[in-house]
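A, B, C, D and E are the chain letters, set down in written order, and residue numbers restart from 1 in every chain.
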Amino acid sequence: MSLFADLLGVFLNGLQAGAIYILVAMGLSIILGTLKFVNFAHGALYLIGAYAGLLIANEVRLSNGLLQQYGYETVGLDLGFLAALILVPVFVFVIGLLMERYLARAFYDRPDIDQILVTFGLAIIAQEAFRVLFGGQSINFARPGWARGPVMLPAIGNFPRWRLAVIAITAVLVLLVYLLVEYTDFGLIVRAGTRDPEMVELLGIKLTRPYIVMFAIGAALAGVAGVVGAPLENVNPSIGMETLVPAFLVVVIGGVGSIRGAVVGGVLVGMVYAILVGAPLASIPVIGGAISWSAWSQVGIYALAALILLLRPEGLFGSEEVS
Amino acid sequence: TQDGNGGGNGGGNGGGDGEDYPSLGNFPIEGDTATFGFNVPTSGPYSSEGEDELRAYKLAVKHLNNGGGWVDDFGDLSGDGVLGYEIDFVEGDTATDADTARESASRMVQRDNVIMFSGGSSSATAIAQQGLAQSQKVLFMCCLTHSNDTTGKDCVRYSFREMFNAYMTGQALAPVVTGEYGDDLSFYQLYADYSWGQTQQESMKQFFEEAGWSQVDSVATPLGESDYQSYLSEAANSGAEALFLNHYGLDGANSLQQAIEAGLDQNMEIVMPLYNRPMAQAAGGAIEGIFGTIAWDSQIDNEPSNSFTQFFGDEYNGRVPSGPAQLAYAQTLQYAAAAERAGTFYPPEVIRQLEDYEYDNIGMGQETMRKCDHQAQRDIPVVRGLPESEQGQGQFFELVNVTSRDDVGYACDEGPAAECELGEYGDE
Amino acid sequence: MHVKEGEVCTLLGRNGAGKTTTLRCIAGARPPDVRDGRIRFRDDDITAAPTEDISSMGIGLVPEERRIFPNLSVEENLHLADVARNWSNSVRRSVTMGEGGMTTEEVYEEFPRLEERADQRAGTLSGGEQQMLAIARALKQHTDLLMLDEPYEGLAPQIIRSVESAIQRIADSGKTILLVEQNAVAAMNIADRAYVLDQGEVVFAGGAEELRADEETREQYLGV
Amino acid sequence: MADEVGTSTEQGFGDEGLYERWLAIKDNELTVAVITIVAVAIFPWLFADAPFLGDFLQGYRGLASLILIWGIFAIGFDLLLGYTGLLSFGHAAFWGGGAYVAGIFSAEVSGLPLLVVLAGTVFAVLFAWVLGFLSLRRGGIYFSILTLAFAQMLYYMAAAPLSSFTNGENGFTSVNVEPLFGAIDLGAHVFWPASILLGEMLYVFIAAFFVLAVMGAYRILNSPYGIVLNAIRENEQRAEFVGLNVWRYKLMAFIISGAFAGVAGSLFTIHGNYVPLQSLYWTESGEIVIITVLGGAGSLFGPILGAGLYLYVANVVSGFGTIGTLWHLILGIIFVGVIWLFPRGIWGIVSDVRDLIGDRMGGDR
Amino acid sequence: MALLELDGLVKEFGGLVATDDVNFDVEQGERVSIIGPNGAGKSTLINLITRRLEPTRGDIRFKGESILGKKPHEVVQRGISKSFQTASIFPELSVRENAEIAALAAEHGAFRFNFLRHRDRYPAVQDRTRETLEAVGLHGQRDVTAEDLPYGDKRRLEIGIALASEPDLLLMDEPTAGMSPDETSDTVELIERVKEELGLTFILVEHDMEVIFSISDRILVLNRGEIIADGTPSQVQNNAAVQEAYLGGVEL
């Protein structure tokens, strides 16, 4: 196996590891950057996306939880995976609308700490609600053949087809959001509002709707991440929080409010991880070999975030004014 | 000497045992009801396992008080309570978390004055609880725990394990797997980086190399990892012919699923040394054709196993019991039988009755509960995963072999047992 | 206080006299504090109207400190005014926006400097350019009443002159202008009528000529 | 217990009535000490064994000790959150770090309880110093995320690279606690009749630290620090411009709160003879946040109340049939409700009610 | 030796030059006022002296020693105190506590390791707190929560906080902004009294000419970052450049 193929493999692995974080972090970052709202419940939207996807796509046998106790042994619409991919973003978008309207709006004028606390509480409620209803066990997210199994890539060899699809979906969504924010009137209003909301209103634009839509788009991105990301693992109530923490790191690494930052941050986190796990370090004589660097892979991600924040507190692409 | 006493219910000898033993732990029992504590995960990743254990525990209590099930076949048991006491129980949720498990257990010991508690599902929770058992001088009957440490480095006098361990898994798997895939393959291992995974991969290496295989590499994965893709590509690129996934619980379901997803099964033979039901359920079709070991299975064909499957199904409208359910039921009855033999609930005496006890009444053949490390020496079922289409009704595996206890196990100065120091009985 | 259609009216007073507050009240920014009194625009009571509606009715404000969007380009800043005109704020809109003001081309004709800088980020413009941009932005809106809050603030003399002539031309085109200034002399150059404010109260109201003649008021309240 | 710290400097005894007299003495240090000691002495008995009440509450003595331990942790956390206005999401690092160091120290160096606590606390202090030094460069949400990131880093270190010391996921099981001063067995009962109230020596040991913690916090809040920290929370820039070295005060607040967490973590090790890996996980940081906010940040007694309530619900109510399985959910809902409607927490509600009654009783004071 | 020396001070914000090569000295005991149009750079100058802003070029010396590189609190400890443009107080604390914070900082320095000693054990701090409150006439309201004070009293408290540290040099940025005429004259009186009693040196930024002319020895006029005039009130009043740039004279 050539070094080049090896590096290519590590690169692809890093990309796929970062992809889900990019999707979650992008929404988080937009909401934090434009609406100045700290959303610790963003992971819950990922969770909702995952469960919604599972229940739309498949019929699931429950082995505990309240639903099962009350006789609903099997739940789910069984509409197929494609239907889930289409319906989940819409569904989570609507949840985002409701969340902005009934939660975030009441907290825009309250301190950061209150926002963190209330959304943290909400994240717990969401997680526990799923646990109570569907039980705590992990549920296998079965998919049809076209979204499963390996594909043969030149030089790299077998690579999971769905992981490749996740990279592609992420790329397309990043591009769409980027175009929306940079090249549409809607994006223009939101960008202007980021800096001076009152002036936007003085020009005759009510920001309520752009804000609620932006919030919902951010939410929908987390929902998409849930429905495309959960099949890579399994669905259980704690995946939301587990995704949120690294996604927050990606946001602060990249810089709040920056789409480019979320992408670069996500890729960076994925790469650090893949490099620590993969061959490049092991093949370097001095530091590889004897020591297993893979044990440091999680530590490495957090160390990276800490380092970047200490050297460049506003994040790689952040501007100082935001904080 | 240490004298843990919960609840401050002082009191001299009294009791209805008719024997003169000092008070120790929650002995003597006040009143005429003896309480057991069942501490299982009803939330967290192993909750479906825990729910099944709880069903078996409840059934055991019912049979101890009213007869039925194995109680009728155990010569020591009357079916009319234990030692004239009616059996009651309290339950607790470990949340599959060692910290919560320990707190829940200490509530049982201190508030509910249980005379024995049982549970597990995850070595970390079992080890945490048995530490408490030793310090509080209340017996703990392990249920599902597979780490070598439970009856090795962390063993205690006040706990007994029916379940086998990682070491024995290696011994049981090697002949079956080498028989199936040939006896000169190279293998690659991934293992969870904590004591269970470490001991598991050591044992696999030891017994497969003895069988003629050779290890290419063995790589640790951090605990709680959910994305194994990078590790798996390294494994795929290593040129090895077989892959051992020493992961457990959710981690195991994830790593196996992702290995199949990445097409590793096209070029490598995959082995999952230890299975359990939630794992199989979460991994779905990925377990097809994968070898592993399991605590007990309803397909084992002997009298106790068949009757257990039968009366468990009768009680819980047709449900097929899982391995952990069998462990839970058996451990409760073993304790009760030992107390009957001892003629008292006084813990040191019950412990002495359990030590070196020989039995063949729980469906796993002839067994010994060893005195030196409190580890049962018993047969081990080797299974192979069923295709998704054949799964269901609590069945996930095909039973390949029940490895005899003569082919597994180790002496008291070998393997994990060499590190075991059990501690005091409490009446020294 | 009232402003007639088509006139140039100026509001004078020292720092902190309440001039900015007055303009902000009219524009509906932070309005709930209006404790007493009414604001009417062409017979409509706009005292409690939302900010964005007031703007839609044809009242434009060039606020203090310019308030251009520093992270957007000059072109985008100007485009935002067009967007604002076509943006529907609510599903059932009570206020419809009339025809727009100037087109971007017309604005560039007015301020050729801005055309040169079309792609530059507004935050990097010089103070004078920023002020031009702020005025240009207001012109692009459909404004019948243009309110300018200290438009000469921080500008160099020759730029002041060009801004001044721009305002003059706008006034000549028939728009109503309400100009707030500390610099009374500068303001009175183009004003028809003046109000003088002190401690939030109107202490003088009358024609520009009248004020010029009123030594005492000028001395006491304007320091001139 | 005193929550409105140091509001009265001039004290005068009048004969106007009991309420006035109570007001006059209630903030006296000795009063606080006596009340705390009495409360701590009768608490386990009331909670676990008192006729009717004990049965009704279904408490037990081990939980009483645990409540005091978490109470110490919460008091320290509140010094940072309630009084200084810094929300740390990384306090598991000091709690769990202290617990691990205490455990390892007991196994490797000495099992004397006081030394074990000292070891855990010293580690927590040093680690808080480093972590505070790095995290306090940023404010607001960045501070929260930085502390979270560093604490998670420690968790993953303990889980894998350092598992040869920590025993990884199995948790640290070789804790070895010796008798206090080499003579008093912590597992033994106290002499009769005190044992009816206090039970084991271990409780007395923990309770002593708890009383010290309350008194320490009371002292800190009535020292110049109390007012300086408040000033920083209220208007950091102004505090800097009256000539205070805000950064060092914040660092001190962080270290002090880390020290409380370290004491609590070490006691947790002694209490449980065991250190779970979970003690370093971020959920533990989340729990102390919930406890403090729920009880009432910015008061001395609120967080203790929060600790009691949270542990009671988590360990006792969680066993009550259907409600038991919902306990986490219900707690989450209450938490959100409290932040939304009563940002001063349960203790805030209690003291509002108390003030109302006080006004009635004390006339127009 | 002058108390405060500013030497070629330049502050740029991006392209904007907020202060442009400012040079001046302030002698011990002098009362200097700075006036100038909006955005002239007055507040910027004050912020440079208090070290809230970092100068682009130039040096600031206090008592002969450069204070560049010092933290804001170190500058305060050296004797430069500032009253803020908008009332900057500790809103949820009582009036007494507001003053006590400043008194603590003055008595104990920037930081002290005294977290286990009761506040009442520092009579010097208590005395200073009381003196400060009496000086600004708020002693009677000492138990009121600061945010409940009327606006004028808040400004007075703010000045009190600045005075509590017994500074050698007091900087005041628009102390009477937002006050009614009565409040303004009270404040002027307060400043006069403090000036007499403490013999303070101070630099005042104001737009209210009455205030300026009644209490300053010397006036500096700033326009677009540059000093265009420096002299006694009467000199400045008659200065043509000042007339033009600020007092409103001729249109440019």
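Keep in mind that, in the parts below, contacts are C-beta pairs under 8 Å (C-beta built on N, C-alpha and C of every residue); 3 or more make two chains touch, one makes a residue touch a chain.
Given the structure is predicted, the values throughout are model-derived calculations rather than measurements.
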Set of chains adjacent to chain B and to chain D: A
Chain whose average C-alpha position is farthest from chain E's own: B
Most distant chain from chain D, judged by the mean position of its C-alpha atoms: C
Distance between chain centroids, defined by C-alpha means - chain C, chain D (Å): 57
Mean-CA-position distance for chain D and chain A (Å): 34
Between chain C and chain A, distance of the C-alpha-averaged centres to the nearest whole Å: 45
Chain B and chain E, separation of their C-alpha mean positions in angstrom: 75
Where chain B touches two or more other chains, by residue: 42-43, 193, 220, 222
Residues of chain C touching at least two other chains: none
Residues of chain D whose C-beta touches two or more other chains: 156, 159-160, 325
Complex interface listing, chain D residues touching chain B: 48-49, 58-63, 66, 156, 159-160, 163, 167-171, 173, 185, 187-189, 195-196, 199, 272-274, 276-279, 315-316, 318-319, 324-325
Chain D partner contacts - residues on chain E that touch it in the complex: 50, 52, 71-73, 76-77, 81-82, 84, 88-94, 97, 100-102, 104-106, 108-120, 122, 125-126, 161-162, 164-165
Touching residues (chain side chain A, partner chain C) in the complex: 185, 188-189, 191-192, 194-196, 198-206, 208-209, 319
In the complex, chain C residues that touch chain A: 27, 29, 50-53, 55-56, 61, 63, 67, 69-72, 76, 79-81, 83-87, 89-90, 97, 137, 141
Chain A residues touching chain B - in the complex, by the definition given at the top: 1, 6, 9-10, 13-14, 16-17, 63-64, 131, 135-140, 142, 148-150, 156-160, 162-163, 232-234, 236, 239, 242, 273-274, 277-279, 292, 294-295, 297-298
